[in-house]
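Got some structures for you, see below.
Shared between the two complexes below is chain A, which has chain B as its partner in the first and chain C in the second.
Take a look at the complex of A and B:
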């Protein structure tokens, strides 16, 4: 039979593909922010949100402007940023270094993986009193806290990433007689970079959390100290201005890592 | 330089994969190894290239590799093994850098091998932009760059579709015709073997033993698709292999 019977009922094949593929849609995220803030502004002005629960977003903005004009914003932010940068630089570089060693050498791996597993779940903020005794009440203890907090997730992400580097690429390097150092530098490191960078995202977010915690427990300056002071005085505008700074800081860090990924990992399919 | 395998045997734990393999790869010839899957052909190739040690037997380089040879035993892998973060150019340079060849000398070698594999226009492309056939051409260019004495080719065309495979067979033949190279070529595809092999070694199922060695005297350039004589050879090879392949297929996997 070569002809299709025409007298039978016909219906189109129903479409059941599509979906399950996230695509970027611009400005939607921004719109959600704007709508939410406008809603709060309206609610507080109209009175169906009590101004004891939430401050007026416009007042928070005014407080923010004042903070900027008096220069206090920069005072707090610069000291917080330097703590975050120094602390996480120490933690992340130590974490990547040790993670690579764990990934490459069985002996180091056997010795250190249990230790890392033991340190990982400790809430690092619980160690702050200890660090104050060890490193002093000023910057030292804060650097140490942030360093340790960013160190553990970086180690775990790095050695996992090194393990996942395509073994056939390493065999290829060996078969062409590349030196051990060349294989590590040109094959293992770039191959582990996607995993290291996604670990870095988590590490730096933890770094920001610990920064604020440390500043709340023993600092006169910094965003955390600023929020704590505002909270004790029940000054909601200043409290929310502080929280906004943290939120912006988090978004900025995430954006920067995204840019680094875009630049370093453009080879990914 | 010739390559000589003498009485090579190997086991993984209790599983014997290779038994007493003896064969020679004479200079300037392509020796194909065919056999059912799991017969240890790839293991044998890795041993020939020093990536694995046999339990028994020895693998010998007979004679000195040529003066300008940078890496006497050079692999071409089934999955290409290109660094995805390096361009075509960078992938070829990778294997030269460790020999201290940079600058003008490196440039000359890279330009030469890319021209020979018709990749001149793709120097700045990343592997993700290339088709499978192009990727394998880059891998061949990379192997040529170190001027190997023996090329160890591990199912180089098996990841490609049938049409691309034909194109690459032609490329390999013309590369060989221009400058004969020595190769140990593992494949499970019999038509590749009769097109490219001067000598075809048939292995039995696991544990792999040499079942038969077929020599084909016709020059590579005179062999073509659908040639009656080659088809007869291929049919003969398949008859030798068929029962082995069936038995291997019906074996349970023990690990």
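Take a look at the complex of A and C:
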């Protein structure tokens, strides 16, 4: 039997590695957007999409231009951005801090995981009237809503990420005689970073969603207030202009996190 | 359900026959209609016409559908889910009219000197701080549900008359406004009397003025329908308005003019209580319903001066397109105008 095998012609083995690794392809995302928008523009102009259903994208663009020219865009955007930045900075930093503590210490984990699980499913919007009483109708209640909304997903993502750090790496560090603090700093935190950052994508998207909710009560300026007003006036052009701003905000945040990932995770092979 | 051929033919024949009967006798056939309403005393015209069978007598098979706010009703008319509804002429309603979806065809709730009407309120904190008249609200927070709501209009008109500026605070819903007013987060508000008097009695809120002093003949709510109904379903729309007006007359006689004595009034309160304050006992609900009874315009007549004033205000606040014509929104061909 061994003879037959040696008689076989040598077959070159093709390289089967590679793949399963996302690679950037430029302009495809852009093309999808353009085709979709062109389709809507054509549909509304031709009339097979009623003007009650969707606005003309060109009208939305004109509304956007008007917002930019009158300076109203910055009025709304700057105030919303400050709410988003302050609120999510509080929520995310508290969330990452607590998440790491939960991941590292069993006692904290035993005490706080049920509490986080209890807070997570509460619709934060339902608590808005309560926040108004607690923190006042001005910026306080808005920060609190966004902070609480971004806090819970960050905690869950962070302690999950800390738990998923490769135990063999930790054991290796221990056998090399690293101190506890060194292990946390050099193995646990870098190892948890991918999970924390992908959790951040979700938390910040939730922060943007809650921006609209936060501006429901007592806000006259801000992208969320603008959208709500447009909705109640059934002004579709303004509604979509506002929604577009939020989408762009989401894309920007996602891009920024991508940059942070590139920078912080360049140790990954 | 699976049909064999014979059953299918029978069914088709039956449908055709039913359609033929319906076409042959339109006055007798019941036209199915959906009428939108809020659980407010100001919608009593609809409730009365429904309960006393005036809609049925007019050949309309009415189904009531309830909403939480005025704005969704206008959208529901535009989407075709509701045929007729009664609510304030909001910015959203005008925008939908401009898109060819809805039209105002009649008037409903109105302010009338001598009849308890809408009130200006202030929170207790503001009252203790010296805001005891509407003029003292200068620079204070005035609660509105949304820009372009009737609260915004009333506040704006009062501010213009008193030559003060108000800090309008959008709070989306009446519930939010009431809790913010009770806790002193906002200072002022204007609202229909049954809510105003109930809040004023609690001590957390004080009544400081009447809306009628600033807007004597304010037509607060209007009857509206889809453009398709207004233009193409004349007979049905006339029948609806006729039946609705009978309900309005009964309501005014019993509640506003007290022409039917206490018995007539209590009978009407009982009828309204089927729809309004259903979560309260009759004895607790009755005073609120009686307090909340403002006149509904007889014959659903349109007060063009008031509506035109509201319309111009929307334009001056840049809440609606500058080139919308009043005639696009209001169809004056159905009812009398004042």
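Keep in mind that, in the parts below, the second predicted complex is superposed on the first by the 242 of 269 C-alpha atoms of A that agree within 3 Å, B and C clash if a C-alpha of one lies under 4 Å from a C-alpha of the other, contacts with A are read in each partner's own complex, and residues count from 1 in each chain.
As a convention for this text, a contact is a pair of C-beta atoms (placed from the backbone, for glycine too) under 8 Å apart; a residue touches a chain by one contact, two chains touch by 3 or more.
Bear in mind the structure is a predicted one, so any value in this text is a computation, not a measurement.
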Which of chain B and chain C A:137 touches, first, second, both or neither: second
Which superposed partner A:106 touches (first chain B, second chain C, both, neither): neither
A:177 touches, of chain B and chain C: first, second, both or neither? first
Touched partner set for A:232, first chain B, second chain C, both or neither: second
Chain B versus chain C as contact partner of A:52, first or second or both or neither: second
Touched partner set for A:267, first chain B, second chain C, both or neither: first
Which of chain B and chain C A:186 touches, first, second, both or neither: first
Partner chain in contact with A:11 - chain B first, chain C second, else both or neither: neither
Contact residues common to both interfaces of chain A (with chain B and with chain C): none
Chain A-touching residues of chain B, taken from the complex the two chains share: 49, 51, 70-71, 73-75, 77, 79, 81, 83-86, 94-95, 97-98, 126-128, 142, 146, 152
Residues of chain A touching chain C in the complex: 51-52, 129, 132-133, 136-137, 216-220, 225, 228-229, 232-235
List of chain A residues in touch with chain B within their complex: 168-169, 171-172, 174-179, 182, 186-187, 190-191, 266-269
Residues on chain C engaged by chain A in the complex (per definition of touch): 71, 74-75, 78-79, 90-93, 95-96, 99, 101, 141, 145-149, 168-172, 176, 179-180, 183, 185-186, 319-320
